[in-house]
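Structures are listed in the sections that come next.
Below, subunit A partners subunit B and then partners subunit C, in two separate complexes.
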Partner chain A sequence: MFDNLLSGFSAILAVGPILGIIAGVIIGIIFGAIPGISGIMAIAIILPLTFYVDPIIGITMLLAVYKAGIYGGSISAILINTPGAAASFLTAVDGNALTKAGKAGKALDISLFSSVSGEMLATLVLILVAAPISAISLQAGPIEKVFLLLFAFTVIGTLAGESIPRGLLSCCLGMLFAMVGMSTITGASRFTFGYTELMAGFTFTPMLIGILVMPEVINVIRRRKVPHHEMMITHSPKPADNRISFKEYRSVFATIVKSSGIGTFIGALPGLGSSTAAFIAYGEAKRTSKKPEEYGKGSVEGIAAAESANNAVCGSSMIPMLTLSIPGDDVAALLMGAFLIHGLTPGPLIFFEHTETIYAIFAGFLITDLFLLGIAKSGFRFFVKVASLRRYYIFPCVTVFAFTGAFTAGQNMNDILVLIAFTIMGYSMRVFGLNPAVFIIGFILTPFLEQNLDQALAIVGTDYHLFFASPFSWVFIALSAFFIYSSLRMRKKATSTPQEKAV
Partner chain B sequence: MKNTQKTLLALAGALAVSFSAGALAEYPEKPINVIVPYGAGGDSDLTTRIWADAVEKELGVPVVVINKAGGGGVVGTSFVANSKNDGYTLINAGLGNMLVTPNFSKTPYDFDSFEPIVKMTAVPLAVVVAKDSPYTNFDEFVAGAKANKLTQGSWGASSSGTILANIIADQAGYSVKYVHAKGAAASMVSVIGGHIDSAVSFPPAFGPHVKADRARALVMNQKMDAFPNVPTFADYGIKGSFEGWSGVFAPKGVPEEVITKLKAATAKVMTDPKVLKSYENIGAVVDFRYGPEWVSDMKVTYDIMKDAAAKVKK
Partner chain C sequence: MDRRKVDVVLTTVLIIISLIILTSDQLVEGGAETDLGSMFLPRIVAVLMIIFSATIGIQSLKKLLQQKELEDKELIVTNGYGGIFIYIGIFIAYWLLVPVFGFIVTTPFVMFSVALLLGGRNWVPITAVSVITPILIFYGSSQFLRVFLPTWSL
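The block that comes next holds the complex of A and B.
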């Protein structure tokens, strides 16, 4: 493995890949830092461009955008209390409190250091476990994958937000839209209403932009009277408030490691993503903290927990995609498309067939973390300037990019119609309180569930007990049961606490 | 003032000349689009891209490959069927979108909606098992399949893979239970993982695994240099052509000149060792064909598919 990684480093340390990483990091931070749009939008737009370069350059660049985008979300969260990405919601609480206290420099520093630490740790886990897992995952056939996917749906259902029914409804809508088009199993046309164009189903990239990005543009138009917040790095006369000392970093290091662990685990489970990781890690850090009262009022530890967890997801979300060819979230689904375009089929065999490419990409992930640290640290001012451009400069550009991105992916005019239709749908979902992110996950995972369920049924025939013959099946059944139980308990606690107080 | 008028007149004259020249110009005078009805990076896409790169130099205009994937090839293929038949929009044709899908699904086009131009390559279908499978040759496999219900990987109930596999099974007198994956490559993963007993597959999908000794090809459509020890279906007395192929078709009614030009250009590049090497690299066998005999061969396969479809619908 280590010689593979070494040869990977030698492949990545060339002009092309390094330029790709630098460009990716800069684009990612900017897109992440602008409130309302996120790194995923940048990935969707850049994706078609990467078809023309070497897979090592293309894929590391996309991943650099992803990682930098998740980090970039924390900049606007800290400075103007508006998370650039949903995953930075908690960073906004503590980070902005520090900014108000004149310690913006400290908040930005700890967010960057913990983001990079979280990413590094998760990437190391990815490199260490991916190949061994892929050896085991070859043994995980359709039956085991069905239970894994059922587990993923359970987790999405239980953790999707405040309202379980709304979460489930969003997920089911996603599943419904995923079924449009020709069934890959029977060849039957479903929900096409006689339109040949619908036989291909809905194209993922335009739909994603429509659901996630364009409704934000509409929101900005609606809120155009709200005064503009200029981002500023507040400066404190005391130099200690403008930076993070090694001692402070060391004091939160245990939190960073624990939160990265949580983030890595959550990222490796299909369907959750960085926001959930940030919430769980923050809650856990607060529960075990020596100073829980500081949380929410400018706790350095709190920022460290949230940021290391949400960035750890970036590396580990590659695990299910690479080893089982099941993308765990929207970014992984986009990246899987990029792998396929380059003739690299994600799945257990990718480590046999494309060893060099995969380890070069892994090496690229590690180098990206270093570049992210260097570029972000030296360019705070620049990124803050770009991200605080007036909204009437940014959002017309976003709209143009959204339409171009939707078109270039497939060079198909119908994709523009898909974009418009799903913009309306995405906006309506926000109005009715449905969860767009869950909708997307439902859309992504459904074809995998259907295909694997069909394969599993063909394999077991009438011997249904075979469904429960594998130990993997039981692991996922047990995990699903645990998640349902713990979420029910959490909800019971949440509803009973206020009443107790009333008594 | 007079000068301006003169210039305008001259300009108008020049425009007129260039327009009439346009009408008289020989094909091709602008970029040609070839639609691949599947995703980028697949067999059909790679085959077409190699062809496009090569004939581009012969024709002197860019030949642009555009992927319009979806609906098992129906989306892209019907797009070309409805395009102008001026020779500037062509389709990557294959077993799936030309001979199988029109018979098994409702499509807004048919085999007769197109003018076949050339066939570039063929990929022989094979029956593949894992390295540690108890079946070391096709006879043993047939015996095993007769005794037990074996599973076989394919890619969709009405896909070219399943249809061909059914014809093979009918002739050899066994039946299998199909396990449908996303494509030939995905079902190879299930074979190697030991989840299914066998799969039908093409060399680009099974080749690397057979070479790395993770899988074994029991029988295939024709001899290939890369797999010298694999017998053919004919060796076992199974008649028919079990191959995927890739060619270029134009919408019906395309000018004769277009067909001649494209054939001539293809004929020239199909002797280029660089082109041959590129095809070998992707695991395809060059099978350059055109003309009435080729078209009638395709018609035969089309009718076989039609019968198979009628059987399924019963």
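The block that comes next holds the complex of A and C.
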């Protein structure tokens, strides 16, 4: 493994990948910091640009956008109490309190240091754990893979939706759209209604931009009369208030390590995501803190807990994707699409078929953290200025980038129609409480399910009981049932708590 | 707007679509014979869609009939929807006009319109951004990515 990692470093330490990482970090921070735009939007827009470069450059650039985007969300959270990403909600609570007290520099510093620490720890876990897990998952045949995929659909659908039926319905819709076009197994054309343009199915990039990016633009258009907030770094006359000292960092280091551990664990589970990690880590840090009363009123420890946990998710969300082909959240689904476009099929075989590329990507993951630290620390003012640009400069550009990104995929005007149709669908899904991210995951995983199901049926023939002969099948059935049960309990608890409070 | 009413309509439509998938043989053309068949998975998905849609629809219908108070998430705020329709209109016009007038000519007008929609009134910088951005994208994509955006075809 270390040899592979060293060769990965030698592949990544070249001009192209380094420039890609620098560009990715800058784009990620800017997009993450702009309220109303998230890192995922940046990845979706940048994705088509990476088609034409080497996978090592393209994928590391996208991962840099992802990592920097999650961190960037904390800038607007701290300075104007508007989280760029949902995961930065708790950072906004404590960070903005520090900003109001004239300690914005301190809040931005601790947020950056804990983000980078959390990401690095999670990346190390990813590097150490992914290859061994993939070796185990290689043992899985088509039958086991069918149950694994059904488990993934169930978990993601039940945990990520507004309610369990809505989450699962979103997943089913994604599955249905994935089946439009020519079947890769039988060669039959399904749901094409005689349109030859539909034979190849829906082009992934325009659909992705339409479902995940454009609804955010539409949301800004809808709320266009909400006043613009200028971001500004407040300064205290005391230099100690404008930065974080090594002593202060050391005092919260244990919290960072614990929260990163929580974030890494949560990230490795499909469907939970960075917001859950941040909330759990923050709650745990508050519970064990010597100064719990400071939480919510400008606690440096609180920011460290929330930021290290939500950034740790970046690295560990890659674990299920790279080892089991299961994207844990929307960003992982998007990145899985990017891997597929670059000819790398995420799954256990990736470690054997593309060893150099995957370890180069891991090395890039680690190097991105260093660049994030350096670029963010030296460019706070610049990023704040760019992120403060008025929305009438930013969103026309986003519109054109979305158009160009959709066109670039196939150099075809029909893809723009796909973009428009899925933009309307993506926004409508949000309005009706359906989850677009789950839709995308359903869309991506369905071809794998159908292929494995076909192979599994060929193996078992008419002896259908053989489906349940493997212990893996029972493990995944049990896990699915457990997740549905715990999700039901969680939701019941969540709905009963406000009622109890009201009584 | 009451989302529960929308739920009832939407789930009914989804159930009808699922029933068509379950019963119609004309949704698939050609293909080889396999153990699985081309319509096996779509029909399984259709059955699941009927179950989940019915669950959502019945829950919403029950709440409507019982005239239960609206929860926050069940209220669709329709303020600002005019802007959304204009934006979609601009995008459709963009799609129709780009093949005729080309990317470089159409895009500045689109960017300017979106900026205007978002309340931009600083004419000079908006015009500058609207003109410079498409030129940079056009030449950037053709020189570096080998993607050739549509040009004037009149």
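Methods note: the second predicted complex is superposed on the first by the 374 of 503 C-alpha atoms of A that agree within 3 Å, B and C clash if a C-alpha of one lies under 4 Å from a C-alpha of the other, contacts with A are read in each partner's own complex, and residues count from 1 in each chain.
Just so we're on the same page, a residue touches a chain if its C-beta (ideal position, glycine included) is under 8 Å from a C-beta of that chain, and two chains touch if they have at least 3 such contacts.
This one's a predicted model, so the numbers in the text were calculated from it and none came from an experiment.
Of the two partner chains placed around the shared chain by superposition, subunit C is the only one that A:Arg391 touches, whereas subunit B remains out of contact. A count of residues in subunit A touched by subunit B and by subunit C gives the higher number to C. By the touch criterion stated above, A:Leu49 is placed in contact with subunit C alone, subunit B being left untouched.
In the superposed model, A:Met413 makes contact with subunit C only, not with subunit B.
In the superposed model, A:Lys225 lies in contact with subunit C only, and not with subunit B.
Of the two partner chains placed by superposition, only subunit B is touched by A:Glu197; subunit C is not. Once chain A of one complex is fitted onto chain A of the other, the partner contacts of A:Ala458 extend to both subunit B and subunit C. Using the contact criterion defined above for the overlaid structures, shared-chain residue A:Val15 touches neither subunit B nor subunit C, since it reaches no partner.
Looking at subunit A, you'll find residues 51, 183, 185-187, 189, 411, 454, 458, 461 touch subunit B in one structure and subunit C in the other. Those residues of subunit A that touch subunit C in the complex are listed here as 49, 51-52, 162-163, 165-166, 168-169, 172-173, 175-176, 179, 183, 185-192, 217-218, 220-225, 390-393, 395-397, 399-401, 403-404, 407-408, 411, 413, 416-417, 420, 423-424, 427, 431-433, 446, 449-450, 453-454, 457-458, 461. By the touch criterion given at the top, residues 3, 6-7, 10, 14, 21, 27-42, 45-46, 48-49, 52-53, 55-56, 59, 73, 76, 79-81, 83-84, 87-88, 91-92, 94-95, 98-99, 107, 110-112, 114-120, 125-126, 129-130, 133-134, 137, 141, 144-150 of subunit C touch subunit A in their complex.
Within the complex, the subunit B residues that touch subunit A are 39-41, 66-72, 74-75, 78, 104-108, 149, 151, 155-159, 177-182, 185-186, 188-190, 192-196, 208-209, 212, 214. Only residues 51, 138-143, 181-187, 189, 196-197, 199-201, 203, 325, 340-343, 345, 347-349, 352-353, 410-412, 451, 454-455, 458-459, 461 of subunit A touch subunit B when the two sit together in their complex.
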